[in-house]
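Note that the chains are named A, B, C and D in the order they appear, and that numbering of residues resets to 1 at the start of each chain.
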């Protein structure tokens, strides 16, 4: 599978926007269909948000950035919700600190759905009334992509919530995920020289992808495929988690402090490796791509293999020849601005730039990424110790 | 109001047990009637348990200590529930660490109610089949009193959950709580001499009350009534929270670390003191008994008044002349064993004895205490920094 | 050995005060003679203070409470020292937070000794000039006893500093400590009835001992001797640290968190129990009194023996028939005020009263206690998890 | 001042090595001359090491990596010292955890100096006996550069120790530091194109500088001079520390948590900005280069100015036209491997590579850097929240 690399927004009329808005908003609801009400509420770790928060927060985005400033006589659904559903937009007022999200039993799930319906109805009116100007269009586009990002987080957070319950409940929904079939791997070679990276299409992209620019790359080789569970298991069985030489100093401290021994969701039960999946606890599938590892682990695995992770520029340059889209692939590039990057004014300017420190770039997409929400210039990023996303490894040298 | 001081269990036949079991179990369900499903799930601080956990845990007690060992062919409802609903009984296997309770979206609330119904049905069979022996009777009695203790915790935990939500939802149920009318206070005098304290009735009591024994008391005076919000407000306005001289060193550290300024649930909004109650956010009622203060605050208030807290022996000796039952009253007695105290063998021996260090005794009862669950020998106990119970102050000198 | 129980101060003239002042002050210096300058500076844990801080702090006491208010034209040695050497007297201004003591390389050790000489000279002048009034005398007495308390802390803190260094340096000074010879133990019996405890002598005592008062005791038995290393080793070898049933819930949490396995300073090296002593690392002396255990351990040991710790009243009543003075003995009494206890006004009122919460009373004295600084009414107190003092166990039932 | 950019080691005979060894080793001792013994011992924060540790650790390096494996019959000075003076070389055995360094009063300062003399004598014998082979030479060179790195740390750690003492003692030694005179600044322009960076000289460099390689740079401008205290004060006075828009999200959390308001060592006393320097507390020199700021602050300042920090490649390309050497200059480049970087086998391979995550590169040198220990390819690196080094800001756009 190669995801289509860009979504063209040009020449899309209001009807197309109405349909896309409706499709994307409905998809979030569909993701939550298998949940019990209780599953919407909890926050087992700070990085995982309660599903009802995701549903409210994405709605709040449209209310705050589109309806309130641009729809005359718009009445906010509940003035307290800004406090509850703001995430990190300092510009828009006081926020609930992130660790507190899991303490809020109210608004109830039913109220959050009422909030969605209210805002969706208003958005429909807004679009039908022809109020979408060229100035507002990028914000709407951002809101839709923002919702798609949270759709992936919804899935990963639901998996975390259910996968850390001693009853190991299945998410139960038969996911329409293409099963990866691994073909033979090969190392693809690229020659030294000046290449270009960054977005230059005409559709939507995030501000962090902008500024297509030249980079100079040395000769490199990159694997056509990502690493499998079987390969990662070899690393474990070779004592990879017991040998500091493969690890960053910081990674080694992490291993010792957390007593790390395997990817997230792996359980060694009666001598057999089991894996919690969205279908429940299953025997580990050795042929699947390894998943739920953090940067330290990805990097240590590569070091054990005598190789390294690719840089994001290498990845992007090679991307047309790679099988990708199944795992977010850790690169060895820190998340930093491209040449000429500037933050936009106002709250949306907080979207990406302020996170450009102490995080690493991941490239590709994952089986949890919504259709249409990926391209080969997409720059995903996370802290180096996190492993609850659908993350994997591609080797380079 | 003076609560009836003992519940006689002697000469109660099986029918009486059936009725009491049914009444007490139903009361827990009734307490939860006003809740949304979401309210059953969260755990905002480690001391507050999710309501569904209380409902499951009290059920687990009957299943584990009565049905499993004594009801032939009893089949446990779900073998995983021991792991989920055990609280601190080390004897009965691994327990979920307490901070994790708020992460468990499953079992669902519906499943917990099914669990209650299943166990209640079996308990009914058990009692009707005449399987309640003299040996088991004390355990049944303990289970019922245990459930009553959790009924009070249910209310205080629900109050905490709703009272720490920015929407300040009311619990809404019109509580059948007798409104305290404060009569004129007086200091009652007692003479030096040997007195007796401890339980010597024929009904139920906890093991920590047993061993009626002599104590020698000096002359003392004790107030007929507890301290009001009005009196406590005077302490605040006199700078009580800014003057270390009234506080224990440990209490003063607590004040500074928490930036403590008032009882829990008090909010100074636009210059007016508001108070979150089970009916929602209300103007502070100056004539009510002060509530939700910890030992440090009770002690500092007494010190500011030039008085002190009573000891538990003084309280018990004076109790027949006191108005009590509205607030759990902090004493200046540490929670320690009475002469001759011994732990029972097995898990029920863990009920009280192992907590006899670094906690203070509270005497009386509160408006949240279930009917029939109080007596003047009852020894409640909490750590010195906790304030989410219905705690108050009585002065002595 | 039975320490003389009281020190009479009445009828002591100025010459006697001069001599006692000089003797006690010199003894602190003598304790530090074997130290390297580096040993004076460090603070390995918050409870252990750097020796130079003890030397400065005890000096500051005389300067602040005697000389400054009472010696006309007295000039403070260095106005910054109040900030550095105050311990917890909130009345006397801002204090360096306790954890910071170990960061202060200055004032140097030489400067601290100059400070001592300066203040000692002034104190000598003060006493010789006949400025010691009846009002000031108790403060001087308090200052001397305060210095003696810090002499014991000096020794225990030095032991901690050297005993936690991987080189295990000996303190080297041949301590003039009477070696305890254990005679046969017996359980001494006492009959139920009214007894009196508390200080009623004419010499010095701390305010917390005052108010001799009646207590009612049930029949009890108490051991004539404290527990030996040999007996404690049996507890260890019987799995005492692995069986929760002997422990308070809080103690059991402590065991697991600290992975506690033995008294402080015990090291199992090549299958042999070694013990760090002030003479260096030695083979464990099985016949010595067990030392450096905390309240949880004392209590668990007693529980394992099927006995309990005595209350402080039982200890005091029995004290004339006990061998004591070798270890501070944990009692099962919380540190609380005696009937009629009142804090004195001003800073010295902070001496004891404000610590009367969440600590347990220890009775007796230890091999590290200065001569003359013990009596059978002395109430020592520490938190339940601390084990760096010379603490031991006496059994009762 | 422009530091000479490389130190040639080729053609240096043994005599030259003897002299360089001796000069560099003596310089460490000279740095410590003004210290009191007490100053050698403390560790106020985890990042600051006790001076005696630096003196021992640099000595341990020569003993462990040169003498032990290469000098026949070499006898280690004290076998315990490996435990005490190892820093982070996992290969060479158990290490004292870093936070514990400040607890070790022994070995004494005198013993550490004896250790230095012993090892220096043996190193002299080793060199004079012609045992320095071509294989060992790079290790010797590494040891000397390692000592120079610790000389800078010695100064910064001494400054921290004295500058966080309430007595504000001066280091007192008149430092032979060239006083920076600021000339007019200008923005220097560079054109887009392929440039080369990385070390290609013949002398010593660290492994992280190796692999001279091509990079593609866009047009950029870079300031000829670093930012002054005066300019930074304008940022403070314009409310820079109160406006989240200038900060990374992580930086803003840091500001709020630490209540950051200024560079380290700045104190606003009676309305006047004072600055702790190695000469003691002085009025802030507005014309000096701003110092002791962390990456978050450097980045926020640049954002407030509407500019940015340079990348390390930009800095290196421009370096010949810059005034540099007075402050370590934060770049906006993460510390990552150059193309083709490989770790050496064994313990020296731990020198740099394992730190290549979550740190930022600093370029240049500082007034605390030893003579000869700088070049324009040098890659210094620190975590983003640290500010105790001589760090400064250069702007780019």
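The rule is short, and it goes like this: a contact is a pair of C-beta atoms (placed from the backbone, for glycine too) under 8 Å apart; a residue touches a chain by one contact, two chains touch by 3 or more.
Chain by chain, the UniProt names read as follows: A, B, C, D = Ergothioneine biosynthesis protein EgtB.
In this text, all values refer to a predicted model and were calculated from it rather than measured experimentally.
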{"item": "Shortest path length from chain B to chain D (each step joins two touching chains)", "value": "2"}
{"item": "Maximum centroid distance from chain D, chain identifier (CA atoms)", "value": "B"}
{"item": "Centroid distance [mean C-alpha coordinates] between chain D and chain C, Å", "value": "46"}
{"item": "Gap in Å, rounded to a whole number, between the CA centres of chain C and chain B", "value": "37"}
{"item": "In chain A, residues with contacts to at least two other chains", "value": "none"}
{"item": "Chain contact topology (line, ring, star, complete or other)", "value": "ring"}
{"item": "Chain pairs that touch, as defined at the top of this document", "value": "A-B, A-D, B-C, C-D"}
{"item": "Touching residues (chain side chain A, partner chain B) in the complex", "value": "36-44, 52, 80, 83-84, 96, 100, 102-109, 161-162, 164-167, 169"}
{"item": "Touch list for chain A against partner chain D, complex", "value": "88, 90-91, 192, 194, 213-216, 218, 244-245, 247-252, 295-296, 299, 308, 332-334, 336-337, 339-340, 349-350, 354-358, 360, 384"}
